[in-house]
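What follows is subunit A paired twice: with subunit B in the first complex and subunit C in the second.
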Partner chain A sequence: MTQSSLKDIFVLIKQVPDQSAKAGINPDGTIDRAKAKRMLNPFDRYALQAALHTKKHYGGKVTAITMGPPAALEIILEALEHGVDCGYILSDKRLAASDTLATAYALHKVIKYIGHFDLIFCGLQTTDGDTAQVGPQIAERLSLPQTTYCEDFRIEENKVIAKRVVEGGYEWVKMEIPALITVANSYHHLEYKSFRGARMVQHLLRNEEEKNKYIKTITLDTIGAEPAKCGLRGSPTIVARTDKVSEIGGSCKIHQGASQEQLVSEIIQSTNIKEFLKL
Partner chain B sequence: MLDKIEYDLILVGGGPSCFALAHHLMDLASKSNIKFSMAIIEKSKEFGSHVVSGAVSNLRVIEKLFPDYKSSEFPIEGICTASWFSVLGNKEKWDVPAFLLPNGLKKEGSAILSLSHVVYWMYNKLKEKASKNPNVVIDFFPGFSVHKILFEGNEVIGVQVTEGSNDNGNEPDSNVYAKVTCFGDKGFISRDIIEKFNLRENPQIWSVGVKEVWQLSPEKDYAGKVWHTMGYPLVDGSFGGGFIYGMKDNKLTIGMVISLDSENPNINPQQRLQDYKKHPWIQDMIKDGKMLKYGAAVLPEGGYFSLPKKFAVPGAMLLGDALGVLDIERLSGIDKGMESGYQAAEVLHEAFVKNDFSEVHFLKYKEKVMNSFIGKELKHGRYFRYAWQENPRLLNKYLPEVMDYVDNSNPYFGLFMIPLVTNPIIAIYDAIRLKYLMDGYDIGKIKYTLDYQHIVPNFKQERKLETNNYIKESVYSRPDAVFFAKTKYHEGNKHIDEFDSDVCVKCIADYDELGKDTPCVSDCTAEVHRIDITSGIRIHGMSLENCVQCRTCEIVCPEVNLRVKPTSCGSGPDYMGL
Partner chain C sequence: MSEGKILPEIITPSNKEVIVVGEQLNGEIRPVTLELLGAGRDLASKLGGSLSCVLLGHKLEKLPQKLISYGADIVYVADDSILENYQTLPYRRVIVDFLSGFTLPPHIVLLGSTTCGRDLAPRIAAHFETGLTADCTELDIGPYEHTNKIDPEKVGLYPNCLYAIRPSFGESLKARILGPWKNPQMATVRPGIMLPLKPDENHKGEIKTIPVDLKPEDYRAELIEVVHEVSKSVNLTEADVIVAGGFGLGKQDGFELIKELASCFENVAIGASRKVVDIGWIPYPYQIGQTGKSVRPKVYIACGISGAIQHRVGMSKSGLIIAINKDPEAPIFKFAHHGIVGDLYQIIPELIKQFKSNIVKEEKPLVRQN
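Up next, the complex of A and B:
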């Protein structure tokens, strides 16, 4: 079945504030990550699925890599439940307030530190920063061929043939391995967690020693990164101001207990649909 | 090559019976220092979120399992300080005097619970216990459901968690093996054991319970008050009634339980609950309140005579609702479900200590259950349900007449008058016979028939239901109710099988001719079943994303053409707080 076989697949994931909860905002306009409820970046779910598909079809071991506060362990555990083999958490106070340049620098150092890889998968972008820059920057720093907005791919004769979404159509890209792919959200949904993965996670949570074998927490010193290039110091981006556009949510009124005609007319009266109808 | 997933014990279903088993087994194991591993598999996303119950319960098993429960944040809604059994007329309410009531209906001293919270609490307590005992491994699997029981010859060797086969047509990588598998489900899965070993001489008979929790206006406080009612709005001869439990923080439980052995093919339990709420007495309670949650579930009502021949087969044990220990005489089952787990734990512990997993050893389980309060109380109430089934006059004739007296004159006068104006000999005979059966005098074995076999398609309801003025916002349509069950499903969900679509087309045509809905459409508690029209033919369709997984459709389907399976991916309603 496997025309090509792979050894190491990396997937870069990030913990972001939960969209369904209200995020805490620091006085300086940055997001207070400690206060906000957290979740796995929804775009990374596609990257995770791509990595697990690759493992299933071409073999190899999937390593999930994340950068963030210690709570990021949660998403590494989630990734393990879905079938990832091991994880790395880069956690260091000196990384606080990193922009994409500093993040990509730190992550490329992590990748170099871990060593051999055939493919790196990234999500398209995150829901907190929305830049879609980290993946491509890492590829540049590692001098890797890259395909962004990848919707589908296969591996033949040690080359990745990737289908890339472009305006008005698709582009087929052929790349040498090793390569980096950012996965579009039109790729397959992440499959439900596996029983075996859920069992593994519970086993690790019971056993600290075993956990440290599968999940490694590393710092800037471990990977030999220059602190000056990380965090606020290494970030040329300045958040000048954060404006609140509008409050999400609000009150919901349920119309009920009357005939359909009456309910529809009540809804029309209570909204400004009339204005649209005039147009 | 992946390793085989193996445990000493699998518990199927994270409900009160399985958690009682796990707790007692842990307590015994911490004394005897035995080592074992256990997996608890539950289809809902969180432990407790598929659990819906009344619930007024005797805490006798909780007291045994957790002597310190009062000081360890046990979630309790209140202790019943006053209870009534009432007959509702269309407008009035009559509280039946205590001396006329069987003791089982007097609930003073019992606890008012939200069972979902109790289950979640038991889960957290178990996690705590497990972290203190290094000899025992407990893995919790909420969000996973068992789809198949694995047999080897006549032995249960484990369960399969993922549905279907993988890409290569191989068995999926989710077979979980165990020395013993315990089933505490409502029969979604354990029915395969019942069928394979032909364990039920009498079929299980079912009722469906629908329940709402309301937040009342701040000046209304019914905490500790418990009502069970008969009469309005069930005027079609169906066995059942309503219940109102006052909870703390000005909350109120309003529910109905309706037996599915009704002749009426169109019970529509959720709408009957809305009718119930239209009673002036209840309208007054819920005025200015708001509905918080809605849920539905089926209840095994057969009791003593529906108990399986064996409570354990090689490699498997049945607990709680899988066994069918609900006590209709006391309108309770939680304590008995927990007790079955408690007794199972003792038998299992002995099996682990002696390393004896023989069929003979597990015979003790039935013996222990039948010698416990479960066996004794179920035996006493063994004809309680049957008494109403064997004599349709009780619900078709006398009850409506009592309702009239409740509304129009004096119910005591009615009790005296009804025999006179009907046939005194028959009426007095009926009363004595009812009392005789409810008191447990022996009339030998009885035979139940399956619920759907009672359905009379051209059933005519003689008595019209008269409803009063009510606040329009206090009643909800069925689709609106689904919103309050907070259902959430994964993409591609298909958890109800329809075996033969032609059978459904024929059934729909038959009921169309009678001007009625099919039982699946009308009795669904969550607007799942519907009629679609394709090229002029009326066919059966399902909106599975609405399903609250009560299983009523399967039970009432006159053609036995539906099968409700457990959902996967943690899908379904969210009953936390019910």
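Up next, the complex of A and C:
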């Protein structure tokens, strides 16, 4: 087996509203992004771990890429603390209201602008967009082979051998490099922040000039993206209407805070479960 | 609203065809394909168009005929050994070439929101730069008035839009998503939700072969191993009651308690989350969810299961969902009907105790228990 070595590993991460925190969640269920608590998309933690594993085993430099408002700097710093080498933030008002097609267009332009890569890792999906479309749409724009729902992989003879979870089993796919992988949440959990990473971030926070060397904030003009293909104008879909779901979501009757005898007898009395008991 | 002004009607060119991208596995049509044909039939009649299905595979034999009996007016078939199993690049090529071959584009293209559909659909949509809505739970056709001034060329009344309706924001909202500017309008649809039509052997349809014309770059990925666990019949799909255990059991032995609880019920089966299947506490045929079985029992008791979306899609249609979880924030409490917040090792024995006393009570209602 020849020793495979990689040069550039990209990982795409997104900052999302923290939906478990109550702040910034409007009564109608929509999100006030200005007030909401922000977090790294939980699914992207697995993508980060996959990128860092790749670097550990096969070498290379890990670049984290995100598109979002300037506050997205927070997740790039978090990625650096975990051991990512550098980051790009694509931030531009003209990107507002981008759907997945427009997002993938803009992100593929960032990737082309940065240049050479061997592997691109994406999360399986985001908790706000929740589409799992951006990864494959970037692969299409860049004309790459892809493996989605990937929960394990290795590199041999300059090919990626990736395990894909499917209904009723799994499969192994062997892909030429460069390729794109979306990482399943059955992949390894993200490890603790590295001491070196945390020190590095402390250093960057004290030194603006150094920070700008490691973290680049770019706009549509930097990457030569067509504004008409971005944002609301570049999005073929629109959300025409939202309704609060009342039938299932939120209608759960919670039984808590009493003795277990009490809780259990409440359940038995308030449901028809007795009908199904063996007599 | 347009303040009484009448918006110009804008007809986006299409041939009014609704196309379902079918899925087959080991010589069987996947249930989601039949469900999509059921939903597609309704859309096609509202549009005044036809319904078709495109099926890729190898040695498909009687399958196209089956799709016709389930409502397809035309079945487009691509039969080639490389298409035997789903693979992104070859499937993408055949579908892209096929959809490019229409003079006027189809109106709607639907795929299942399966691991194949969610892999393929975004690539097709990106290729044609058209709209795609993920993981829909309802579909409809209707008009849309666009008055947004940001893009003045788009202002108008669009008569026949696909309403792609899906849960959003952790399922607390239902969003109606539209992409009327361009056809085909695309969506992936959650399995297990739409209803298939009753098969009709007299329904007439046409079978047409479509070309398989791969390019060298379509061979950059190769499927080297496929493992489909053949699930032996664990009576999950027919049980009235399912008692399911998850990682909250803490140990393999925890399933003994699950079995004991199950033994209180008539026509009952045991189920599990993927996490406990993965770590080997219980074999795969018991797994419920996106990559396991879809079930719809009258009662589903989830014990120590967090309620991840991939689990939820396999069981959320159950009649009565009772969740036992010690974390009051667990997502399962968002869609269960009744939830007990507590340690399952205290709650389940208590349930068993009360069920048993209940059973005795029903038998001898007049005897006092002590």
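Keep in mind that, in the parts below, the second predicted complex is superposed on the first by the 232 of 279 C-alpha atoms of A that agree within 3 Å, B and C clash if a C-alpha of one lies under 4 Å from a C-alpha of the other, contacts with A are read in each partner's own complex, and residues count from 1 in each chain.
By our rule, a contact is a pair of C-beta atoms (placed from the backbone, for glycine too) under 8 Å apart; a residue touches a chain by one contact, two chains touch by 3 or more.
Being a predicted model, the structure only gives us computed values, none of them experimental.
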Could you look at A:R206 and tell me whether it touches subunit B, subunit C, both or neither (first, second, both, neither)?
-> first
Can A:L101 be said to touch subunit B (first), subunit C (second), both, or neither?
-> second
State whether A:V173 touches subunit B only (first), subunit C only (second), both chains, or neither.
-> second
Based on the superposed arrangement, let me know which partner A:S270 touches: subunit B (first), subunit C (second), both, or neither?
-> second
Can A:Y192 be said to touch subunit B (first), subunit C (second), both, or neither?
-> first
Can A:Q256 be said to touch subunit B (first), subunit C (second), both, or neither?
-> both
Give one of first, second, both or neither to describe whether A:Q146 is in contact with subunit B, with subunit C, with both, or with none.
-> second
In the superposed arrangement, which partner chain does A:T237 touch: subunit B (first), subunit C (second), both, or neither?
-> second
Between subunit B and subunit C, point out the one touching more subunit A residues.
-> C
Can you list the residues of subunit A that meet both subunit B and subunit C?
-> 254, 256-257
Within their complex, subunit A touches subunit B through residues 189, 192-196, 198-199, 202-203, 206, 254, 256-258
Given the complex with subunit C, which residues does subunit A contribute to the contact?
-> 19-20, 28-31, 99-101, 104, 127-128, 130-137, 139-141, 143, 145-149, 161, 164-176, 179, 185-186, 232-233, 235-245, 248-257, 260-261, 263-265, 267-268, 270-274, 276-279
Provide the residue numbers of subunit C that touch subunit A in the complex, in ascending order.
-> 85, 87-89, 92, 114-116, 118-123, 125-127, 129-135, 144, 148, 150-151, 163, 167-179, 181-182, 217, 220-229, 231, 240-241, 263-268, 274, 278, 284, 290-292, 298-299, 308, 316, 320, 322-323, 328-329, 333-342, 346-347, 350-351, 354-355, 358-359, 362-363
Could you pull out which subunit B residues touch subunit A in their complex?
-> 2, 5, 39, 137, 139-141, 143-144, 161-162, 173-174, 176, 472-473, 475-477, 480, 483, 490-491, 568-570
